[in-house]
């Protein structure tokens, strides 16, 4: 199993899958670089792809959702237009009713930002947070351990 | 009735209703001013408010929608962060199956951009464009004439 | 020379160069599709790439800029997350003090939107619009004719 | 002096100044609510206003900047279009070379998200992080204590 302490989100080797995101001119701000909010949209692009891939496998049914509860991003160096970034994403930790994911964003091989997100499992019918169903938990634990 | 030739979208008097939009730092781009795409989002804010107001009155029912077919924006002067802009919107012309709306965007009383949009009426059940129902056409013509 | 009347922006053959843009989840809106403002940012991505390529060749010097004066976009069909779009761009017409560019945006080979932009040449020192320098005009005319 | 442990970012009373931000239709996503990335742009709007106000007083000179190093946002409830939100911001803690700020975002009086940011002081000439100049530190400590 992956040693969580060893998880270094600044290293490409931490991730098995990457989401490419093309930088747009409108992503820049008056400081001349890519705006931090645009970078948040890059992380979301990776998060959605990561969840889609695993939740499709888990075939959760229409009642279960995973609601974004927290996002944290560490900005490590400036990013400039133009180019394409790659955002690696992986499941990091599964809790009682939540899942933590980790991200590293790379340009030209160098990490310019890392991120972490917490999603809470949610029953859309009862409108309450729930424990992930066993099939999903199993899949997530496999992903974390890989 | 309003003389359409006399419609000058750069004048505040052309509009009876304005949508305030607060400029965000992330709206700027590396040229130092507000990015043209952000300004497009200001016009959309006004367009949605304009349609919501009239379509609520028309009580269209769930089958009828108005699909955005075209947007044109004329950028007349630079806009800078920070501040609040006001976007005036009005119905301009109703066609067989479409409605044209016009917009003027103001900062400190001065027009910095004008816009025009075309929306097509659409039956969500039959998936085809349609003529606006008489009640809606009547309302739109009243708005245009006012 | 290209017959301008024959320019069909919905056809891939109209363009020699395409800018890839990855769709982000945050590009969607509550109607479930990609928001029209996000699509405007795709067109800008292509416009910047098109101008950068030719203006680098023209080596204009620091005093000359090309200011965006108008953007028009025709939305032809809905676009959905996820995927990558390709936006073709080309110079269409050079005026006394302006240049018109045309764009076609494609997903899975099908055109979902076309666009046109007008940029005005501008002397940053004198703060007035200007005719494009001969070298630039020559390059633009070659691009249009190609 | 403010007891930092007592800082509850979900309460309006924690903040003395609020930045209004108008929700735009394009802020929504296909889940029907306001997208988390849009909410990140609301927090940035407040952060810029907070720093502008204090840094103007400190008259820092052109060499000193404060670089965004980290943003964390806790999403507490869904936000829907349309309306205007208010984002409260305040200085929370000043470190050796950094400053922590805290935020609370309110709609109709209820907190829908809280946030924290870390900015690092930076000398633009030497390109290194620096301790804040005494005048600035004094101002920040006064703000934190207030």
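The chains carry the letters A, B, C and D, assigned in the order they are written, with residues numbered from 1 in each.
Just so we're on the same page, a contact is a pair of C-beta atoms (placed from the backbone, for glycine too) under 8 Å apart; a residue touches a chain by one contact, two chains touch by 3 or more.
None of the values given here were measured: they were computed from a predicted structure.
**Q** State the pair with the higher C-beta contact count; candidates are B-D and C-D.
**A** B-D
**Q** So which chain is the furthest away from subunit A, centre to centre on CA atoms?
**A** Max centre-to-centre separation from subunit A belongs to B.
**Q** If you average the Cα atoms of subunit B and of subunit D to get two centres, how far apart are those centres in Å?
**A** So the centroids are 32 Å from each other.
**Q** In angstrom, rounded to a whole number, how far apart do the mean CA points of subunit A and subunit D lie?
**A** Inter-chain centre distance comes to 23 Å.
**Q** What is the distance, in whole Å, between the centres of subunit C and subunit D, each centre taken as the mean of its C-alpha atoms?
**A** A distance of 36 Å separates the two centres.
**Q** What parts of subunit D, by residue number, touch at least two of the other chains?
**A** 25-26, 35, 37, 41, 44, 81
**Q** Considering the complex alone, what residue numbers of subunit A touch subunit C?
**A** Against subunit C, subunit A makes touches at 19-22, 24-26, 41-42, 44-45, 48-49, 52, 81-82, 84.
**Q** For the complex, which residues does subunit B have touching subunit A?
**A** 25-26, 28-33, 35, 37-38, 81
**Q** Show which residues of subunit B lie in contact with subunit C when the two form their complex.
**A** 35-37, 40-41, 44, 67-75
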